[in-house]
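Shared between the two complexes below is subunit A, which pairs with subunit B and subunit C, respectively.
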Partner chain A sequence: MSTTETRPGTPGPAADAEAGARPAPPPRDFDRPRFLKVFTGVFFLVLFAPIALVVLFSFNSSRSLQNFEGFSLRWYERFFENEALRDSLIASIEIALLTMVVATALGTLLAYGLVRARVRFSGALNVLLLVPLVTPEIVAGVSALLLFTQVGLELSLTTIVLAHITFSISYVTVVVRARLASLNPEVENAAMDLGATRLQTFRLITLPALWPAIVAAGLLVFALSFDDFVMSFFTTGESPQPLPVRIWSAIRFGVTPTINAIGTFMLTVSVITIGLAIALPRLLGRRESGLGVLLGRENA
Partner chain B sequence: MDEQRFAIGLLLPGALWLLLLFAVPLGILLAISFGYTDDLGTAIYGTRLDNFEQAFDPVFLPVLLRSVGFALATVVLCVLIGYPVAYYIAVFGGRFKNVLIALVVLPFFVNYLVRTYAWIAMLGDEGLVNGVLDRNVQFLNTPWAVIGGLVYGYLAFMILPIYAALDRMDPALREAGKDLYGGPWQTFRYVTWPHTLPGVLAGTVLVFLPAVGDFVAAQLLGGPDEYMVGNLIQQQFFAAENWPFGAALTTVMMAFLLIWMVLYLRAAAREAREAAA
Partner chain C sequence: MSEDRLRAHAAEPRASAIRFEGVRKQFGDAVAVERLHLEIASGEFFSLLGPSGCGKTTTLRMVAGFDQPSEGRIFLEGEPVERVPPYKRNVNTVFQSYALFEHLDVERNVAFGLKRRKVADDETRVRVREALELVELTGREKARPGELSGGQKQRVALARALVNRPAVLLLDEPLGALDLKLRKQMQVELKGIQREVGITFLYVTHDQEEALAMSDRIAVMEGGRIKQCGSPEEIYEQPSGPFVAGFIGVSNLLAGVVQNGAVKLASGDSCVADMPSDCPPGSEVHLSVRPEKIWIDELEEGMVEVKGTIVERVYVGTTTQVIVELAPGMRVTALEQNTARVHSHDRWRIGDRVRLGWHRQHARVLR
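Take a look at the complex of A and B:
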């Protein structure tokens, strides 16, 4: 068989090394099961159909969800002219921005400390870091609500931000730590041997190398916070409520085209944010893609 | 030593934050679940077991069991749907691999409520499908609607780890299976499946945990007969105003899920060690 030819080992030209990192022999067409292809196609169809429906009917000129009767922006006008909804939108953006800034800072520092410090309780720290990622949101939401009422903190946008930061720190730390683990600590040592202080080394050597991961993680947190419903639901005050909480109350009264417009708008924000998270690390002049950074892999 | 102090100083704010805003609240949750409410409905700390007895009472036990049943059905469907898709992308995706996997992930960044709502628009009584069929099929308010909503909500958590496992697997192993006269099924059964089992198990936990605690799908796509423990908890906090009972239900759920979490975290730690070695 020809697979032996692609076995890595002999150092080839640079281009060859890049392509040969994962020697996948080109799939031959008779190898490709028709069934899998059709299955995957149907999967993507079902995956996107409901979303496409929401987007399409957000531009419908009538209330109907069955007939598209013509293009119109009236549901978007409804959305933006409604003062309460506008306040909610602004609140959601504020929450997401604040969460992004604080969680990215804390999470990055935590990642650095976890990788570089040798502490006795690092196992416990690791658990404290990873458990929030696998805890159902309702558990975290209920406990946050209990904490805020016990310490007498009135529910408001502040409590939402506090709750959002809590679940976001772990995402940032995991993404940044994966990146940090692939850095050679010798480079930092070299900088310090050359007279840089520890802080200078961190700022001039470590941080620049971490930028793609930090940017990607920050944008991921923005998207997660902007979209979050459950944590916000348990920690929100009366008004203004973030957009997803608003949508929740509205859906329970039935399907209205305005929700299509809000949903399409939120979807656009999320897609742009995630698109940036994938593209920005590339634009910052790195070879790796943001997708790989987010998935914690070296080559993606 | 100095370096130590610098690193610890950096990790301290984040670690303290998680301790005070994640670990401590879980402690409060546990403490309140032993409490009771006074005549005004205010939660009072106590040392009673009433709330836990009530949670396993014949009125509420079926809801707990239903949540586990729905979540298990969701996991099984996610494997059945997710594995072939991950396989196709990882093995036959070629240069479109990254694009395809990004397309899988993309819908999961659309707000979960909006995605669930989209299914109401599709399958509701006045939805698109009933319009096209020109009849009135009742899709919603059934157990399958809720399970379908959960699958649609969490499928990406299954596909990503399976995809990662398949992507890491050396294609030569499959070739070897074929060279040794294994048919496609045998090659899958004895080579590919065992190799990707850790990915399937990771996906299982990542889907099961949020599915058990979900209350959006049951509320929007189901009726009271499909209510899950999440709905019950939410009711205790917002409608019934019985916080200690809500806390007890949450504690019971968390205790049950903790077993799964520990298994998952240990597997993840082992994998990290192997990757480092």
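Take a look at the complex of A and C:
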């Protein structure tokens, strides 16, 4: 970015030679107008300002939600001292972990089947797969609730996990499938040609190639499940409720700064998870970033 | 030393390595391979040559076991293989894309097949080292495929297949992704390696020059069928039909009608030629003459002779292509060597009337 910045009256090449050590920046490209920078700045300000306020006021020493009166951790103490909230936090983490493991395993297998099975209607299946991603969550939540009451399943952590898994599988499959599609099928043929059975080929060749996508997809699912509200709201039992549902119940009796602390805490967990999803493939010795994997880019 | 260990099959008598019996392969409605009868001898360098979509890769994949014949049988070393899965067949493949395992280094790529076959670690180490020596990649054991050049990847793929000492090595356009100079160099090396290890090579290519340069025998395929099968010389000098003549090398195909034991060309010239038995007088045929067999102006006694006008001269280094028009729309290409003594350059100009001639045994009448 800095290389495209230019002041009016940029010295020409001759002046540049005289100036010696400091080369003049090249003239501004006409396709990079200055207003785009301003626009981008405003966009990110609007995007992050409310979140920044929540984070800031979670450290406020007073109850006020308008005036910041000094730094303190008292709202965090409140949060962790509250047994119901702590139970909710643990429940949320359990749900997210279980969802992550099951959805990642199922989603990966589904992706493998969709890409490699060469079935006649795989095109239609691929579209169906996207339906959960665009279904309004409230519809998915209500239908999950109806299904569970219909079959007589008591609402509990189990029902939340089941509901979360159903919507998470699509995310895993989309991410892993993109990766798998970019994997040359001749490589799997080569493994079999060299004496590996189908299962050995999957374990020794396919899985290592998919690893970055699987890790990234799993962490994405963890983050999605951890802060999901709508699905959890419809499928939760009495107690313990996942954290987002608990916050919602608490807010009905008035907003306390503890909510800010919980919000900030959840934000931190999500950011760390997504950060890991992006960084882990690189840490595992791959030359690609998890971001490329998540966005379905071919080998970066 | 290393040669002795790799020369597993050289000592055996020249038995059949692969035999196709009436093999046919269909994908949906499309027929990829039709009525394939072929026997490839042990130790032979055999090429399947044809344009893309002619069925040559499908044939290879059926030998490897990735595709099953719709009809007919394939025998490997005399044994039928329709019930044998790819990982139990005594063949290995060098893929066009190399298909190296990106997450394994060169050494572990090459050792992959031996590990699957539970070869002892000591022996694996020795054989991997020998295979890498054979392809001249010693010193790159720890490199990942991503760090290698195209030519080096190609060598790893070759070593990875050869190290298993298969009965047959299947090569699917292995040089297709290399640049011209490297390709020429690898052609010579591949041929040398094949002679050294004595393993049967079944080589698939669309590059006629490559097939001519390396093969003991070539099968020219078109539309799923073998058009002609024979040594490079036979295929080149005695093409069985217009397709083979046109696909292998450059050939002049002149349309004409059989008349009085000669071919009467559309230009009015009458060319004496050896007439195959299936060309009775009046039948429409093509006369095929290779450009390098055509002489210009200074003809010998008894040559078949036609007349025309030079319309183009294309200088291509060692030779010059002289294009002569016999009649409107009927052109013949002749090749003149640019030797130390003469350059066709100074000898003819565009628009000159010239006489073209060839010995009658160099022309083929094709139906």
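Some notes on this structure:
As a working rule, the second predicted complex is superposed on the first by the 263 of 300 C-alpha atoms of A that agree within 3 Å, B and C clash if a C-alpha of one lies under 4 Å from a C-alpha of the other, contacts with A are read in each partner's own complex, and residues count from 1 in each chain.
The rule we apply is simple: a residue touches a chain if its C-beta (ideal position, glycine included) is under 8 Å from a C-beta of that chain, and two chains touch if they have at least 3 such contacts.
A quick note: this is a predicted structure, and the numbers were derived from the prediction, not measured.
Greater residue coverage of subunit A by touch, when subunit B is weighed against subunit C, goes to B. Applying the stated contact rule after C-alpha superposition, one finds that A:259 touches subunit B and leaves subunit C untouched.
Contact with subunit C, but none with subunit B, is seen for A:200 once the two complexes are overlaid on the shared chain. By the touch criterion defined above, A:173 reaches subunit B but does not reach subunit C.
Of all residues in subunit A, those touching subunit B in their complex are 1, 3, 22-27, 32-33, 36-37, 39-40, 43-44, 47-51, 53-54, 57, 65-67, 106-107, 109-110, 112-114, 116-119, 125-132, 134-140, 142-147, 150, 162-163, 165-166, 169-170, 173, 181, 198, 223, 227, 229-230, 234, 244, 247-248, 251-252, 255, 259-260, 262-263, 266-267, 270-271, 273-274, 278, 289, 291, 295, 297, 300. On the side of subunit C, the complex with subunit A involves touching residues 64, 66, 85-88, 91-93, 95-97, 99-103, 112-113, 116-117, 146, 160-161, 164. Only residues 2-4, 6-15, 17-19, 21-26, 28-29, 32, 81, 84-85, 87-89, 91-92, 94, 98, 101-107, 109-115, 117-122, 124, 126-128, 130-132, 152, 160, 164, 167, 171-172, 175, 179, 184, 205-206, 209-210, 212-216, 219-220, 230, 233-234, 237, 243, 246-247, 250, 253-254, 257, 261, 264-265, 268-269, 276 of subunit B touch subunit A when the two sit together in their complex. On the subunit A side of its complex with subunit C, the touching residues are 184, 186-187, 189-197, 200, 205, 208-209, 287.
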